[in-house]
Amino acid sequence: MRASRNWATYRCVSSPERRIAKKNGKEESMPIIEMHLMTGRSVEQKRAVAAAITDAVCNALGVKAETVRILVTEHGSEDFSVAGVTAGLRSERQQVPEGI
Amino acid sequence: MRASRNWATYRCVSSPERRIAKKNGKEESMPIIEMHLMTGRSVEQKRAVAAAITDAVCNALGVKAETVRILVTEHGSEDFSVAGVTAGLRSERQQVPEGI
Amino acid sequence: MRASRNWATYRCVSSPERRIAKKNGKEESMPIIEMHLMTGRSVEQKRAVAAAITDAVCNALGVKAETVRILVTEHGSEDFSVAGVTAGLRSERQQVPEGI
Amino acid sequence: MRASRNWATYRCVSSPERRIAKKNGKEESMPIIEMHLMTGRSVEQKRAVAAAITDAVCNALGVKAETVRILVTEHGSEDFSVAGVTAGLRSERQQVPEGI
Amino acid sequence: MRASRNWATYRCVSSPERRIAKKNGKEESMPIIEMHLMTGRSVEQKRAVAAAITDAVCNALGVKAETVRILVTEHGSEDFSVAGVTAGLRSERQQVPEGI
Amino acid sequence: MRASRNWATYRCVSSPERRIAKKNGKEESMPIIEMHLMTGRSVEQKRAVAAAITDAVCNALGVKAETVRILVTEHGSEDFSVAGVTAGLRSERQQVPEGI
């Protein structure tokens, strides 16, 4: 079942690295993460990515999962641009037949 | 009346600390504040918190209220997670009867 | 035609400054830009500002347009305040006749 | 004594508004605040403003102080501009005698 | 060897979910991630967490690793507070003997 | 002279588009821009890019230069990654002779 897999995912085993971090007083390490996405992700995807990032962070940095907070901000297709062209404009151009 | 109370709230009296700041050329101190909230706050609450934060900042740092700008971004229940669990998922779990 | 003007706008000519940047290994300069706007800009305006900022950045810093990413976040009138007064509240006050 | 005043400052009394928020399940309201300041604030000022903002937020929104997190980012004088002029450049200009 | 492990880590296998994303035109999904950390992480930790988060994101969302950008901002102990108390102040208090 | 050129640069001529914006009450449009750069830009570059972006924004959106604020945050080579590889690690790899 999906939900219970998530449940397991976000727990970080108490690694040696974490015990060291604790002794050094870095336990209060507060990873706060802002993630910018294009609009349109499903609830399922959002839950999966929150669990996976948290797992990644607490394993790599040796912090407790409870200290990890993630904020997602979604951006519409006219609110994100690469090289000065919004995603919406790029998409329009790609739908134009080659010859034009 | 509510509005006039707000009106008063955001004015910071010209504290000695501010006059010192001014002499030191720190008047251009530009507090720009981004506040992330869960969706669902009322207009009344948003106006109250903007006034209260501004008041807090200009008193504590000795800056003019006019230099304080606040940007609020609201996040839906699937766009905020603690410990790898989104607020939406957490809420679902809490509504499930204990025995399950 | 508007679109083709944008098309041209975001290309940065390969300036001497850029060739220097390249030699110094700063080509990976990654300007990532977050722009906060009041809600209500048209698609046309968003495309124009994305092109114009990208052009400005790549000319001034000597980087390739492809490295410039822009994220726009829009804020409603109760989600932006100056001096402790939200834009919405300020707007209400300005519509009230002077004598009140 | 300063520290003990701070100690008191950040506690929010349990207001009626908060009890309502709790019933509505908004207790998980997570105000996360990013504050941008010019460099140069003292430790004392930073502690005072953190306490004051937290107090302001939990009173205005009816949330527990423990849910309020504040991140400060400091910007040097060439890293902040108004009207296209950095604070450093503005400062240089203001030191030039009028006649020039 | 550490480096080669990282090398492997950030490659996402081309999952079925990704092929679907591609067909739907969501490949341009641009996850841009800002991570706030307390100062003091080692180079090794920063490289590990960048690889791990990227892996997590591209697996969970079905995007290409090349689209994932991560920006880290570090905050000093007086630039992060929970419940109105900066990490620095909290640390000072914890070093005071219990009886005081 | 450089400084006076900047001085001119950030003034936006009062375009028709701006007069329209004013009538619609959108003058309070508050573009607040956060720009993330790799460390190492010169003061000259920072002043040039602040002027150029501001000019771009006020021309494209029809707002007054005085409403445009820009915050720059610089990131070290281990604090920025693309595809899970920090700029520092990527740089190390590129210096390794091909055969290894």
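Worth pointing out:
As written, the chains take the letters A, B, C, D, E and F, and residue 1 is the first residue of each chain.
The rule is simple: a contact is a pair of C-beta atoms (placed from the backbone, for glycine too) under 8 Å apart; a residue touches a chain by one contact, two chains touch by 3 or more.
Small disclaimer: the values here were computed from a predicted structure and weren't measured.
Looking at the partners of chain A and chain D together, the chains they share are B, E. Across C-F and A-B, it is C-F that has more C-beta pairs touching.
Annotation: the chain D:chain F pair of sequence copies touches via predominantly different residues, less than half of the used numbers being shared.
Computed centre separation for the pair chain D/chain E is 24 angstrom, with centres defined by C-alpha atoms.
Between the Cα centres of chain B and chain D there is a gap of 8 Å. In whole angstrom, the spacing between the mean C-alpha positions of chain C and chain E is 26.
For chain F, residues touching at least two other chains, in rising order: 30, 32, 36, 51-53, 55, 69, 71, 73, 80, 82.
Contact annotation for chain pairs lists A-B, A-C, A-D, A-E, B-C, B-D, B-F, C-E, C-F, D-E, D-F, E-F, with touch applied as defined.
The touching residues of chain B, when paired with chain F in their complex, are 30, 32, 69, 71.
Contact residues on chain E toward chain F in their complex (touch as defined above): 3, 6, 9-10, 43, 46-47, 50-55, 65-66, 68-74.
Remark: chain A residues 36, 73, 75, 78-86, 88-89 touch chain C in the complex.
Interface residues of chain C facing chain F in the complex, by the touch rule stated above, are 25-26, 28-38, 40-41, 45, 48-49, 51-53, 55-57, 59-61, 80, 82, 87, 90-91.
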